[in-house]
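Below: a set of structures, written as structure tokens.
One chain, chain A, appears in both complexes that follow, with chain B as partner in the first and chain C in the second.
Then we have the complex of A and B:
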């Protein structure tokens, strides 16, 4: 294998890993919310971009260190989620077939945020770039990789791992999963269902925000990322199985590699076509997804 | 399924609309003359007419058949691009219009096939994916569509050799809106309409009563997409410019909002919705992005406080909070 091909291969793998872990983060956030309160959050892409834009404001305009800015952004998501939950989401907890209402609701939120972004950030710049977390370059074989992206990758994987551990072993995680499986039985066993709903809504959004800020730290972005991310996260959730965290994780990684590989040989549009096609097939023939609980 | 007994059939309210129809037709045809002094307002009125046509088509699908297709604008786009392509190739507009509209209908019928398997949220998500694919295709096949740049300077169609004046084309648009509403009224009062309503209320029950659910859903998609296609074909030369952004998912949502905000499943609700909402983006002018915020807020208001829309009023809030009477394909609701 010649050096050039090896570099292309390695760069595809590294891009695939970073994109895959960020896709997985956002999809896990979406699937936690869908699995527990049955809300398909179409606004996930807008939340993702909101996190990235807040990070940009904090670092570029206010000069805060990116690491602190990232923590602040994720911190901000918690009161935001609770406010949103209190004002809008809570009203539908007892409505049967609430997923369609939630879906339209989140499309409304999407449209509001789209409008707000286009007359604020959209006027200031086309392309947004955050300062790196750390400087320097590491050589992986012949390929130079920015240390910054390696740190982002490590952070994304660490968040995914701790999320997995939280859901599996901690008692809050167990309560959330119990409500995933059977709301009535969990309530009978003493789980505070409403509290676990708002907790999972906040947790899911925090994970989406984390994905957004990490993406912004690794790559420059523009406002059109939002819709692509929304639909990608949905594709991952549907293929992986709605409510399945493991499915979102695996399919998210696969999508990251697909995106990286197809973008190298063809174009990002072809990659989008391919996973939207995969999503349609799954929707039609196995709507419970590949990793259904 | 207790909801079936409780849900009021909205059709009795929509029968006997002779007088409103006459008023609507009179206003629609008078507006171009009244506004002929002000080309800009006449233009806004013309765009509103196209939206009335679109909202009526969406109403047939969403209001009467109980399906929520978010690919509606994509279908209009298919027709618009086709008509622009054909007229550029030398076809007469009046020949290209039915061809483009028919293409949109056929596309809509095929793309509506998932509705046979998927219900509620899953169908809406599926249609959203289709809409996204269609938008991406408009961008990707730039040889036919000129990509993101769009096609500009589309001429107004000519009739008998002379190009139509703005006023004449406004009248064509008014006529299409009136005809669209009349067709919807005829459908709703016919056996077809009653069967579509039966499918909306409970498609399993409708199937057991001997209604061909598959066939009627396809018919609904064919007719609804025809509305989308005719609207798209008329839209392109009127605005003079089309791009993938003219037919993206936000436009689909806007048309849906006109139906839901006006009152789904009523003839005049969506017309009122279109009249109130369609001119907004033009009247706001340079603050047009405020429109997105406003539309988004209205979507939330409709979902939270007024599922019946303006025509349904606020009073049935509690009982109808469950919006579409559908059960998701793979999960049963937990009470």
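Then we have the complex of A and C:
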């Protein structure tokens, strides 16, 4: 294999890994919220962009180091989520078929945030690029990869691994999973279901915010990425199986690789909708998703 | 001596009275309203707000005493064609503007174009570059910016001069503007003896170009024409540079100030097309004053978008000054625009419209030489003028 072909192959793999890990993060965040409180959060793309915009403001306008900015952005998501949960989300906890109400509610939040972003940040939409976490280039074989992207990839994978460990081994994680599986049984076993709802909402959004800030650290972005990410996260969740964190993680990675591979062998335009075609195909044979609970 | 003094006094007094009367007459008439429909919010607002910034600088000296006041009524089209039509209708019917102007996006520009041509409202386009804005049969629309297919022609001519028989790769976002530019390259490139070795298009909303940058590298081009939408332009540029493409191989079809500064020091040596630049040697005294005034106010030098909007205001002033009757009559204003032969006050480049309202076209190619925190340096590498229909711009892209 010539060096040039090897560069194309390696670039496909590196792109698949980085995109896949970010897709997985966002989809896991959406899944945690859906699995716990049945909220199909259509505003996840706007939360993702909010994280990126906050990161941009902190680093470019205020001169904060990107690593500190990333921590601050993820930190900010927690009180924001609790406030949103307290003011709006918890009012629907006892509403029958609340997933429809939640979907409409999150569409409303989406529209409001879209308007606010457009009005406040729109004029700079050609400039959204964060300074790198680290400089320099590392050669992976013949492929030069920016160290910044390698760090972003490592952080994304580390967050996914920590999340997986939290949900599997920590008592809070076990409580969330118990609510995922059967909230009445979980309540009978002493799990505070409503507290678990609040925690899930905050945790899910924190993961989406982490995805947003990591994405902004790896790539320049604009306001339209909100819609792309929102649709992608829903597609991943549906294919993975609504409420399945493992499904979201695996399918997110597969989506990233699919997009990279299709854009190599076909074109970026076909890649952009290829996984949506794959979603329809999979749902034809397994409507409940690949990893349905 | 006394008699001479008296004569002089009488003459001065008469002149003063005449001037005062003229001023009074000018002030008595209501201001000439121009509807300015532009992108203050939405995806294209970075361009629309820059345009308004250029317009505001022009407005400072647009209405000297004694002249009929020109007033720009600004409306936000939200980067939405439907909203652009609604705003145009409101400005036409309610505000009763003499003419429309303002769009910086081809999509909203085409929407206003449809309204203007149908309702016989003169429409002065400052920045939008899609060719169909001046398609054959156009009567009320006049465009200051050269059409984007023509930019492709100019890029081909530039590469032909730099490297006869050279190889070009193209990597761009799927927007009307980029499709038009690359249509021009695909048409003119082979005619200029150039070979197009890669043609990669990204859907709107793309964010990563790692693989495609590698494919460009594999094609071994002499020059890469890079045109990503918004921030994606930086991503593509950086990923090409990461893989070893040299800055001197990169040509951006257009470069506005914020873009050039975002490309950063890594891109020093690369080229970009433009229609006005603060680094041009040919800036007139007014052009230098415009750059200084704009920079003082907005903390960055203006680029061609701001300049076209500044020039638009001045062109309208010039037309009304030369044809006072056109200030209250749309047909006369249209005729006066059609007959206009002037120069941009900022750069001295001729302004003249053909039968379809397309301007006699031109383009500069600049090479970046330095980038600092709030400014940049570039030198002129190439300049070209051409007839709007030097290539079949209206059939190459619809």
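Rule of thumb we're sticking to: the second predicted complex is superposed on the first by the 282 of 293 C-alpha atoms of A that agree within 3 Å, B and C clash if a C-alpha of one lies under 4 Å from a C-alpha of the other, contacts with A are read in each partner's own complex, and residues count from 1 in each chain.
Keep this in mind: a contact is a pair of C-beta atoms (placed from the backbone, for glycine too) under 8 Å apart; a residue touches a chain by one contact, two chains touch by 3 or more.
The structure presented is a predicted model; accordingly, all values stated were derived computationally and were not measured.
Engineer: May I ask you to decide whether A:287 touches chain B, chain C, both, or neither, giving the answer as first, second, both or neither?
Structural biologist: Only chain B is touched by A:287; chain C is not.
Engineer: May I ask you to decide whether A:19 touches chain B, chain C, both, or neither, giving the answer as first, second, both or neither?
Structural biologist: second
Engineer: May I ask you to decide whether A:254 touches chain B, chain C, both, or neither, giving the answer as first, second, both or neither?
Structural biologist: In the superposed model, A:254 contacts neither chain B nor chain C.
Engineer: Of the two partner chains, chain B (first) and chain C (second), which one does A:272 touch, if any: first, second, both, or neither?
Structural biologist: A:272: touches chain B and chain C.
Engineer: Under the stated touch criterion, which partner chain does A:264 make contact with: chain B (first), chain C (second), both, or neither?
Structural biologist: second
Engineer: Could you tell me if A:227 is touching chain B, chain C, both of them or neither one (first, second, both, neither)?
Structural biologist: both
Engineer: If we overlay the two complexes on their shared chain A, which of chain B and chain C does A:119 touch? Say first, second, both or neither.
Structural biologist: A:119: touches chain B and chain C.
Engineer: Please work out whether A:97 is in contact with chain B alone, chain C alone, both, or neither, and reply first, second, both or neither.
Structural biologist: Only chain B is touched by A:97; chain C is not.
Engineer: Can you give me the overlap between the chain B contact set and the chain C contact set on chain A?
Structural biologist: 118-119, 122, 227, 269, 272
Engineer: Within their complex, state which residues of chain A touch chain B.
Structural biologist: 40, 42, 88, 91-92, 95-101, 103-105, 107-116, 118-119, 122, 182-184, 227, 231, 234-235, 238, 242, 269, 272-273, 276-277, 279-280, 283-284, 287-288
Engineer: Give the list of chain A residues in touch with chain C in this complex.
Structural biologist: 4-5, 7-8, 11-12, 14-15, 18-19, 118-119, 122-129, 137, 143-146, 215, 219-225, 227-228, 260, 263-264, 267-269, 272
Engineer: Going by the contact rule at the top, pick out the chain C residues touching chain A in the complex.
Structural biologist: 41-43, 45-46, 49, 78, 174, 200-215, 217-218, 229-235, 238, 242-244, 256, 258-259, 262
Engineer: Please give the residue numbers of chain B that touch chain A in the complex, ascending.
Structural biologist: Result: residues 68, 114, 117-118, 120-122, 124-126, 128-130, 132-133, 136, 139-140, 249-250, 253, 287, 289-300, 303-304, 321-331, 333-335 of chain B touch chain A.
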